[in-house]
Structures are given as structure tokens and as C-alpha cells.
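Chain IDs A, B and C follow the sequence of writing; residue 1 opens each chain.
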Amino acid sequence: MALIEVEYLRKEFKRQKRKDGFWPLMKSLVHREYEIKTAVENISFTIDRGEVVGYIGPNGAGKSTTIKMMVGILVPTSGIVRVNGLVPYENRIENARRIGAVFGQKSQLWWDTPVIESLRLTKYMYDIPNDRYERNMKLFNDVLDLDEFKKVAVRSLSLGQRMRADLCAALLHDPDIVYLDEPTIGLDVVVKERIRQFIREINRERGTTVILTTHDMADIEKLCSRVMVVDHGKLMYDGNLETLKNDFGNMEKMEVDTDEPFAMSEELRRMGVAFGLTEENRTQLTYDKNSINSTVIIKWIMERYSVRDFIVKETEIEQIIRDLYIHLQQQGTPVSAREEALI
Amino acid sequence: MRLALYREMTLNSLRTSLAFRSEVILFLFGQLLRLFVQVYIWRALFANSTELSSQSGMITLSEMITYSVVSTAISVFATNDVIFRVSRKVSSGEIAMDLIKPMSFRSVLFCQTLGVNVYRILFELLPLMMVSLILFGVHLPTLANGLAFLGLVVGGLILNFLITYAIGLIAFWYILVWQVNTVLDGLIRLLSGAFIPIWFFSDTLVKLSYFFPFRLIYYEPIAVFLGKTTGWANLLGLFAQQLAWIVGLLLLQRWMWGRAVRRLVVQGG
Amino acid sequence: MRFLKLYARFIPIYFKSKTEHGFGFYMDFVGFALNHVVSYFVIWALMSRFQTINGWNMYEVMLMYTLNMLTFGIAAVFFFFQMTDVEEDVHMGTFDSLLVKPINPFVHMIIRAFGHFFLGDIVIAVGMLVFCFHKLGLSLDFGSAIAFIAVLLGGVLVQAAFIVISGSACFWLVRSRSLMNMVLFGIRDLMDYPVSIYGTVLRGVLTFVIPYAFVNFYPAQLILNRNDDALFASWLPYATPAVGLLLFAIGYRVWNAGLNRYQGTGS
């Protein structure tokens, strides 16, 4: 049985229309107009134990709303969410025992209390037995290095320290699932790497299911076995990272250094190669790797120029996602590699 | 044009105040409630007597009710959050941003307060006065006293603004502005005549009230309104007192501001 | 009980972190206290000129004020900043953190803060209570002491209920703080003088609709043994504890309705 089941999930919000100008303002004192906004529209998916899922999409796409429904904070307008066989919003407290959550830049630790005290309170709140608490603390300390700031009040921690403390607090009770909303936002490279390592380890050693939203594609690349893309409240893509790369990462880039300046060639262009930035003897070429092989291009060039050096660059994940978003905007239809799995 | 800038600032502050319907209604309700309480208290205190002796001769119940109505009307304008606006800006360091704007921080604040006051005339004072006229019946002053009253109220409000602004500036040196504000509120509550007219005070309290400017904000203008203070000499005396306090406070502020800016520059904002 | 155990863990930590602020922490006590000192002065200034208001003398009026302050102070220690925190959380979007914890959010709300601000009020109130009792020549035997504590607790519950109800407005209104201030520092001020000075309608409202009269007027009637100015029914003072429990239960339901609304079921 799947750990998380989501079927035809939908969430609508009622928003007040804002008015500008003096008279409309006066009018709004008496009468207010509302509009209904659909934040999540008929989303369905299942997540199995031990998966690490990247839940991505542009700002306001409905990521947080979906997660809040999975956690039990929000009640769906319609549709079903089942986590561990429980409906989260009906059994919020029971559900809360088995999950951990870190919501981006908002700490869930007690603001004025030192980190260590805050963690100890978490222990009591989740009824964590002493030995497990000690064991986890020791383990987490090794990776997250909490010792250096454990006596500092949460409010005076740096962003990176706070995120480490929050992660620790969210995982102390060995939850089945951990929801991470933007866990690496605003952090420096070193801290990011440390946090990724921690998440990887937790997932590998305890089989904790991880669901994370992020704007940092490196998070996706380094952590996620599966990617879900939402836009305008709809699930647009659901599949593994490899498939996503194959479907949308087909544009490859090549940089060639030649002895003589490279002349643009109609022949190459007809083969499907586009010329990018050219400076002195270095030339950039882009092409669809599904329609033309890099060796064909290199062979063609080497027959005509003396090549000093060349690099083939795979498309970066950012570019893939950007392409996907653009594709979605043009098409407006979901691309699902998991379509069969859902039926 | 300078004036256009000030007008925009005032309008903008009015707009912000209007944006929240619930607050508009709640404030009105709050003011009415306070007035009701005062009227009921005076009714209970007068019990069966029609007039009571005071430092300013005999006072009737209906004069006391008028006193409460006028006092509430003044409080509509005299209540502002200047202290907290100043201190918040100081403690957040945002004040540095105001220093680089092409108008003085005090003018900005004054315009904002003015904007709030325009809104208060429309949504607090007018409804308040209508209800009071219908329910209680209010004495009206003679033309001369009415004009003098208006002049004194304006003077009193400027005085009030300057006092709160000066207290807000304390935030530069002293963090506990909130407590200082409590003390100030207390002194105003007790010694301005906002609730208990100074004519009902004991001699000691009357003497004490002369050491503070607060009586010039509430008590003196209302006494003029009710015709308890008349005569050119007396009226001019009141204006002179207000002027003296205003000048004094302006000097105090210039001195404080000078030191504050120096401090700001030294600390680097 | 788990809740009490958690609370016992939490309070020392809270105080430890607060006292680190040093001087400011102790000044917190002074702030509200100053306000009350002024209020007593106002009562003194007024009553020394007029002697009685509706048959209540200066010390009786002070006793009324003190009861209002004491019951509010005790309730506020557990609810006031807790509820303003909730309001802030709801507006900042950080309220979610209360909903992802395996504990009733109402309990969590209470235990995560402590209104040390109001301890100063309580100290002054107790001092003034002793002072008024002395001036009024009152003394408590065992039975009346029990009755006194019962009505006091009733009053505390009424005050707590009003804090919770008006604070829960943040789930519906954008700027709920004004409503909270209106109720707690506007309507409650009606009780600074005996309810009997108001007209019948207002007396009725303050007894049956917004039963603030149970925080001091009815308890004071009981303590002072005033049967002569009974309102509505002479047994009303004895109903104080029941009114407190009922109102607090209503407060808890309003809070829950607010939670439902926050979670998107209410609308």
C-alpha cells in the first residue's frame, strides 16, 4: 500500500478584490467583492515509503497548498488525501506524531529559547524516549554540527544555523515522512551541501520518506528520485528525473576550440546545429541530441579544422525546468510519465 | 512644489486609515463607549442635585455632559501614535531612510497625523457629534468664546503633537519608550482635565496641574467653550501659555534632534 | 497529566530566556503597574470630591477596580500574550507550526508563552485588595474565604474567555487587534465603576450578553454584603463561577471554530 495517496485533490480560496481610488474605497466600506481562486486543481498521485520526491513549480503554483493539505493544516475543498491510511485533517494530531515538517524561513522552534532547550521541549512534546533522543541527538550532531550554537537563542541564529536546528527538531522523533518546504533557501553552498547530505542519510538509513519543495535545482538533482511539477494548481509532470532529462534535456551544448576562426556553415545548420556565442577561436554550438549525435558534429568539424579542444555540456537541470515551464505555458497540458501508474 | 508633496502625504495617510472597515467602526464605537461611560458617571455623581459647587462656581449636570462631549471630541484628535511611530523607526534604524528624504521627518509625521485627523473628522467626530446632539443635548458657546475655543484647540493639538514627538525621540537614548508613554498617558489622564475637570480638583491637585502643559490641551479650551473663562485678558493669557510651551518644546526638540542625528551618524545608522 | 508536565518543563526555560534581557525584563512589570497607579489616583481625585457614586464609597469603588484588575491579571498571564502571538502568527503565516505538532493547539498556545508582564498587576492588585479590605473593615472566615475564591475564579474565567474570544477574531478579521483592544481595554473599562450607574439596557447587556459584570460587580456585592442594590435577581452574585465556566466553554468553541476557519472548512 502506498504511504501517501492523493486523489482528485482540489482547494479553492475566497479572496477579497482590492480596490484603488477614493470612491471605490468608500464603496468597499459597505460592500466587498470576492473572487474564487483555485490553488490546487484535481491533483492525484501516490508516494511510496522511502521515496524522495521533489515537488517543484513556479511561485504561487500550489505547492505549499498541497503540502499543507497533506500535513493536515488545510482541509481540501474536495478530493482525498490519505497518509498512512489516515485522513490528515481529521486526525491531525495522530498524523502530526508521524511526520516532521520544516516550512522554509519560518522556524518552528521557540523563538526566545536556546536551541538545546527548544529541542528538549520537542522531546517532551513528541514523547521521545530518553535513549532514542540521546541517540538521535548524537547522530544529528555529527552531520549538522549543532554543538557550535546549541546554547544560542533561536532568534539570534543565522539562517543556516536555524535551518539545521529546525531540521534536527523535525526529525528527532523518527517520523515516517518529512515535509521540507524550501529547506535550502537563502543558504550558502557549504550549508546547502551539509543539509542535502543530512537528508540523504536520513532517507537511506531510516527509509524516511522525504517530500521537498525547492527552487534550487541542485537540490532536485542531488536528492530526488522523483520529480513532480505543478503549475497553476495542476500537476504537469510526474516522473523520475532521468525521464524528465530525456524529454526536456534534449538540447545539448558543445564548445569547440579551433586553431583558425570558425566560419558558420549552412551545412551544419541544415543538420540541426545552432551557433551560439563565438569569441575568437572558441565556438558554441547547440543541437538536439535526439536528432543528431555529437560525434557526427565533431567528425564534421575535425575534417575541416584542427581542433584543439572540445567539451560537450549536458543541459543543466535549471534549463530543463525552464524549458518545461515554457512548454507548459504553450501547451497547457500535463506531461505525465506516470499516467499508467495512476490508473 | 512642496505643498503638493505635503498634500499627497496627508491623502495617503487618509487612504491607509480608510482601508480597514472594521477599524473605522470599532474606533467610533470605542469613542462612543467612553463618552457614554463618562456621561453615566456624571449622572450618578450628581445624583439628585441639579448643580454642584466647584472652583469655577456652580456647575450643572448638562454643563458637565457638554464638557464630556467636547473632551471626547478633542481626544479624537489628540490620540495619536506619534510616539510609537518615532520609536519604531528609531529602533529599527529605518529613521536613517527618513533622513535622506527631501522633507523633515517631523513634517512627514505631522502630515500623516493630519491625514489621520481628516479621516477622523469624517468618521469619528461627525458621527460622534450627531449622536451626542441627539442623545444628550450640548450647550453651544457664544461666538467669541467659540472662536477662542477653536484657536485654543488648534494650539493644544500642536502642543500635544510636540509632546508626543519629543517623547518618541527618547527612543534614541532609552529603549523603554513604552513605559515612558504609560507615564505620559497617566499624567494626561489625571492632570489634563480630559475626564475630571480641574474645577473639581482639590487645591493641591490644581497647583500640580499648573506645572504641566496638559491642562492647555483639554481643560482650558473646554472651560472657554462653556463660558467659564471669559475676558480678553484671560483668553490672551491662555494663548500666551500655549505659545510659551510650544516654543519651549520646539527648542527642546531642536536640541534633542541635533544630538540624535549626531548619534545616528556616529553609530552609522 | 502530559500538559502540566510540558508546562512545568516550559516555564523555567521561559523565565531563563526572559531574565537574560536584564533590566528591560524588570521594567516590564512597571509598565502596566504605572497605569493602575494613575487609575487609583483618578478614583481618589474623583471620590474625594464626591464621596459616593450610587451609594458606593471610595474604597468600595477601589475594590471594584482592584477585582477587575486582579481577575484580568491572572487570566492575562495565561492568555493575553498567547492570543496576541496567535494573531501575529496568523498574519505572518507562522501559525502552521501549531498545527503540525502532536498536541492540542489550544494547549500549545497556552504553554508556549507566559505573561510575566501581568505579575506586576497581580502584586499591586493583591496589595490594594488587602488595603481595601482593611479600610472597609472586611474580614474573611473560612466559609466566606471559599466563596470569595470561587467568585474570583469565576471572574478569572470570564476574563480569560473574553481574551480568547476577542483574540480568536484574528481567524476572521485582518486587523483583529483593534477588536481585541476594544473589548479588553474599552468595554472592560465600563466595569471600573458600579454597573448600577448605567441604564437598564446596559446593565442587562453587561450581565447577560457580555457578562463583564461578573468580574467585579457581582463578586463585590457578595463580598460587601450589599443586598440593597441587587440587579435583576439577588442570587446573581452566586452564579459567578457557573457563568465563568459557561463563558470559558463558549470561548473554547469560538477558538475551535476559528481553527476550522483557518483550515478552510468554515467558509
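Observations on the model:
Simple rule for what comes next: a residue touches a chain if its C-beta (ideal position, glycine included) is under 8 Å from a C-beta of that chain, and two chains touch if they have at least 3 such contacts.
Not measured: the values here are computed from a predicted model.
Closest chain to the protein centre (all Cα atoms averaged), using per-chain Cα means: C. Averaging Cα atoms per chain gives one point for each, and the point farthest from that of subunit C is the centre of A. Each chain gets one centre point, the mean of its Cα atoms, and the points for subunit A and subunit B are 55 Å apart.
Computed from the mean C-alpha positions, the centre of subunit A lies at a distance of 47 Å from the centre of subunit C.
If each chain is reduced to the centroid of its CA atoms, subunit B and subunit C end up 29 Å from each other. Across the complex, subunit B meets subunit C through its residues 20, 22-23, 26-27, 29-30, 33-34, 36-37, 40-41, 43-45, 47, 175-176, 178-179, 182-183, 185-187, 189-190, 195-196, 200-202, 205. Residues 24, 27, 30-32, 34-35, 37-38, 41-42, 45-46, 48-50, 53-54, 173-175, 178-179, 182, 186-187, 189-190, 192-193, 197-199, 202 of subunit C are the ones touching subunit B in the complex. Residues 11, 13-14, 68, 71-77, 89, 92-94, 96-97, 99, 101, 103, 106-108, 110, 112-114, 117, 120-121, 124-127, 153 of subunit A are the ones that touch subunit C when the two sit in their complex. Residues 2, 5-6, 9-10, 13-14, 16-18, 20, 92-94, 96-97, 99-104, 112, 260, 263-265, 267 of subunit C are the ones touching subunit A in the complex.
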